[in-house]
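Following this line, the structures themselves.
What follows is a pair of complexes built around subunit A, which joins subunit B in one and subunit C in the other.
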Partner chain A sequence: MEETGGNRIPAIGIPRALLYYRYGTLWEHFFRALDVPVILSPLSSRGILDIGARLAPDEGCISLKMFIGHVEALIGKCERIFIPRYSNYGYTDLFCTRYEGIYDQARNIFHTSGQRFITCNIDVMNGSPEPKAFEQLGVELGFSERESRQAWKEAAGALEQEQRANDRLQKELAGKPGMKVLLAGHSYVLSDPYLGKPIRDYLEAAGAVILRTDALDPITSRKASARFSPTCRWLVSEEVVGGVMLWKEKVDGIILVSAFPCGPDSMTNELLIRRIKGVPVLPLILDIQSGMAGIETRIESFLDIIRFQKGEMV
Partner chain B sequence: MKQQRKVALPRYGEYNCVLKYIVEQGFEAQCILPPPLSRRTEELGARNSPDLVCTPFKTTLGSMIEALEAGADTIIMVHGACRLNYFGELQEQILRDLGYSFEFINLSLYNTGKIKDILRALKVINPRCNMVKAGRAVYDAVKMVEHLDDTTSMYYQNCGFDPTGTYPKIYRKFISDMYAARSLADIQEGYRNANHAFADVVLEKNPDPIRIGIIGDYYTVMDPFSNLEIEQKLADMGVEVHRLMNITNDMLRNSEKNKQIIIRRFSEYSMGASSTTDIWQAQNFAERGFDGLIQVKSAFCMPETDIMPVLANLSREYSIPVLYLTYDSQTSDVGLMTRLEAFFDMLEMRKKVAP
Partner chain C sequence: MSTQNAFLGIDVGSISTKAVIIDEHNTILAQEYIWTEGNPIGAVKKLLGLLEKQLDRDTWQIVGVGATGSARRLVGSIVGATVVKNEITAHAVGTTTFHPDVRTILEIGGQDSKIILVENGIAVDYAMNTLCAAGTGAFLSSQARRLGIDVEEMGQYALQSAHPTMIAARCTVFAESDLVHKIQMGHPREDIIAGVCRAVASNYINNVGKGKKICSPVVFQGGVSKNVGVVRAFEDLLQCPVIVDENGHLMGAMGAAILAKRGLKRTVFDFSVEKMDFVTRERNCGGCSNNCEVICVYRDGSLIDFWGNRCERGAVH
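Now for the complex of A and B:
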């Protein structure tokens, strides 16, 4: 702000990856309520993933590599890149350490680029709950505490509304006839145009009704998860696990979609596979090399199993 | 009288002696020591674990199986800040699916932020235990941890310069003293003896030896089997090996917030689990003019992977070489040796060129 001299509010860039797919509505509405111009990184593609894979640590998950690729796409295109740090919403709702470190990690990776970053630290255990975090973010952008708080309230309302609408849509879909497949996974995998979309397209073309754990009401899901697996404390994984537990009887098959090598998924999916009985489950791990062909074959044979179980195929 | 519980904790470096002390002296139950970690432990663990979980999960699972084979009927599992929180629940499920029957004390389940709940977990070990006695045992055990860490770091800093070869003997004697200790006096005596014996050895150390700082994830860096005895290997090459990561420094005397302030140039917020401590240690080693850093991490360790870009910047800024090592259950001695030797040679040359 200082260097431009005028009243121009710096443009914020948001990488369209990782928690964007979970909290993006909140962020965008927050900035919009404050009239801060926002640009989003382009949709995920092979190119973005390749750039990310070159810059990020080798052993990071694909989602991390994708994220770093998205950050790279924004370098120099905006005054600050917004990378919130989600640490926890209290003792029982933690986040994967990756989201905790992603702000500092990106800062270190793009250390020499001169790009400025801005964060928003959500860490209830250390006295920084969501409203306060966004208030501070607003203040840092030059707004008053009141304006920022108001903007957060609007944004939080918008996110809640979106979640309710999604949940309603899921229930409608569940009432439809036909083979129902539950996609269980993080929204940044399922919603990603490069990673998750081909899977959804394939299922749709095969005539399946797709239900998604990330479209369900998160609070109900988290409650169900706490009953099923009390020490599963990653907020996003709780929503996946809870969603599976709530819907497993209502669907014909479950596909556990995970990005190689997702830390929380490696454990929660194992527990789900061990404890779910009576529904076909397909664990699908997406890695950087995977062409669609291998995945299509696996989904195809999975759908055959479902049809076979339902007696549609002899 | 009801039979005593036979309690076990998976092998974790030499820290099992501490649990043994608490269980036997404080709770009047029996402590089963799982056999020392071996290839078999790793294979047992890896065979029954999900593929993409970190190596400590596999090793501890293998050690649990071996503890059950050795007659344990109660297994304690700790919790932590990363995936470790979830280890217990999944490992219990895997063991039950394998058909074992046992009592499982998953401390993660009792980790609600209230001390009352942790005491409740300990009551399971022996419902009629005397809490005062248990408290005293925990106090003694804290002393034991401090002495153990102190002696261990003393050992690895100096054993490479001992021409007589008595250092390993003294250290082994000290460890077995700790396993045999039955009172605070025993612990103190073992510690004193080891210190005196160390002091009696005349070291052949040049005034400016190659010093390497070791950092890494909680389990792999502290457990000699899991890191293929990297500290011993380096010491044998004639390196002064420093490792700040131990329970004393990281749990008993930790001040994460202050460390975060010191490293804020590199990392403004905690990046989860061991990251803050690790970056702080790396910076500390670099500022003290160490010759090199080695990051010891298990495959798929999330926080350690995330701090790699930070370490890369730190390495550039302080111009200190960093060797990144990733351990999985297939890592062999030979490959490690080659890399360590190359790293050592490079450090030696650097020292000659720019002393």
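Now for the complex of A and C:
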């Protein structure tokens, strides 16, 4: 699709879904450092999910459907929509193939819209590490290599700072009195305002202190996952598993939150359920038609079990 | 003459509605079990009518009401429940009261199944079927229909079989096609029925009970526990006796009544709801693109409760 001239807002659109919840800070800081305006899609809602479910492939997970809904919300509202391809950070640090395919999937789904897209490949195994990927992205947007590299450095620093702050906050929360519940799962499920927020709200209203695997230092978590399994395939699964390994003795209960149907989770969560002993584990699978009723029943009874264990009257 | 305190527990499930009235010592004063028939409000009204006849109201006054089961919210608001609790907790409380030494509670109902692990009379872990309702009461009912027998007769047929047919039980859809195949291959009916019962039990152990250590004594309840074929299949698979309490179907209601008794809230319950008119309406909020479906409950024309809204914008006044 050729450039249509100046009749569009010269801004980059970012879908607020999937890896946005992991790398959003990096992306936004990168574009901001280059003075490129950024437009975010609105917060997740039933409406966005319904649109995504209609457009996305049937077999995709609920989070992919949500993502496609977010892309749709940006069509015609920005110059280009940014969807990076995350493949790997090396042989042992692989991403679920989902993230590698979404750029091409989105382009195909919206190929008649005239919307332009932009990507970059984070693929260490094929000679494209993150700094290089973002350097090329900047060059494609018309900036020099040096400017682009500098922008990536700033952005990477901001992400690191955010991760450190998150990790610190988790440790503070762990020291708080009261019932502690660890939410284990992908950040695009736990952070999503439509999918994960009702779960967090429910737990908070019940007086629980919420800890999250996705807020822990990712490198420490990945190292810890080796104690559980040295052959955990996906990078994010390693962080979920590692987070559980690090915190299982310090929490009163663990909720494995998963978006149906998630291939990686179906492996790791099964293993966790079978192998984690001594602390109640609740698998919670969110699917597209579920109301809150089933979720509430499961969380409420799970909290009751924890209270029973602590000898508190239910 | 002053009355003594009594407590009502109501358990409204997808298939059946159960209720008990107990005294301070958990003695059952009245009990009833009827079909929900897709009408939880009607079922509860009918149930209360039946209970009222059983209770000597000059002696007993109901001061606490507990509601549980999948329609607990709706029914709780209609009867003015003092406690509304999920069915897992209610079952755990009810069962541990009557079987203090229980270690494992197996529960298979009309649309879901659960396992509760108990240590020293305290529930310590549980699991519930996730997305799929394979191997619950609804599956047995539909297979019974296919075989041309009543679901209540299944157990007796199953016991006559010496060679239960192997039936794939991972998924209801596969189980059904496997079952049809086995029927057409000429397997005797009692063997097929025993196979279905075995499939329900092994599916349960592999799915709901996966990774859980099932210790004896084992108590089995929920509607499916009335099927002796499934009971036998569990005993074979677990290699231990499986206890089915004659009041097993009432354990959720018992738990709800006991929780109402333990709770601090008190009420004066007088069966007048039987004669009141309740209407529910669904309203799409439209406040944002979540477009929440808000359920409103009206008593004799005035709003008494609502739920389903994700935020304050969906509140109904």
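In the analysis below, the second predicted complex is superposed on the first by the 304 of 314 C-alpha atoms of A that agree within 3 Å, B and C clash if a C-alpha of one lies under 4 Å from a C-alpha of the other, contacts with A are read in each partner's own complex, and residues count from 1 in each chain.
Quick note on the criterion: contacts are C-beta pairs under 8 Å (C-beta built on N, C-alpha and C of every residue); 3 or more make two chains touch, one makes a residue touch a chain.
Since the model is a prediction, treat every value here as computed from it, not as a measurement.
After overlaying the two complexes on the shared chain, residue contacts for A:116 are found with neither subunit B nor subunit C.
Applying the stated contact rule after C-alpha superposition, one finds that A:308 touches subunit C and leaves subunit B untouched.
Contact with subunit B, but none with subunit C, is seen for A:87 once the two complexes are overlaid on the shared chain.
When both complexes are overlaid on chain A, the residue A:54 reaches neither subunit B nor subunit C. In the superposition on chain A, A:260 makes contact with both subunit B and subunit C. Judged by the touch definition given at the top, the superposed model places A:168 against neither subunit B nor subunit C. Shared-chain residue A:250: touches no atom of subunit B or subunit C. Of the two partner chains placed around the shared chain by superposition, subunit B and subunit C are both touched by A:274. Counting the residues of subunit A that each partner touches, subunit B and subunit C differ, and the larger count belongs to B. Overlaid on A, the two complexes show subunit B and subunit C touching the same residues of subunit A, namely 260, 270, 274-275, 285.
On subunit A, the positions that touch subunit C within their shared complex are 42, 45-48, 194, 198, 260, 270, 273-275, 280-281, 283, 285, 287, 291-293, 296-298, 300-302, 304-305, 308-309, 311, 313-314. Against subunit A, the residues of subunit C that register as touching in their complex are 70, 85-89, 92-93, 122-128, 130-131, 210-211, 259, 262, 288-293, 308, 310. Of all the residues in subunit A, the ones that touch subunit B in their complex are 56-57, 59-60, 85, 87, 91, 94, 96-98, 100-105, 107-109, 111, 119, 121, 123, 229-233, 260-271, 274-275, 285. Within the complex, the subunit B residues that touch subunit A are 50-54, 57, 79, 81-83, 85-86, 88-90, 93-94, 97, 106, 108-109, 111-113, 266-273, 275, 299-300, 302-303, 305-310, 312-313, 326.
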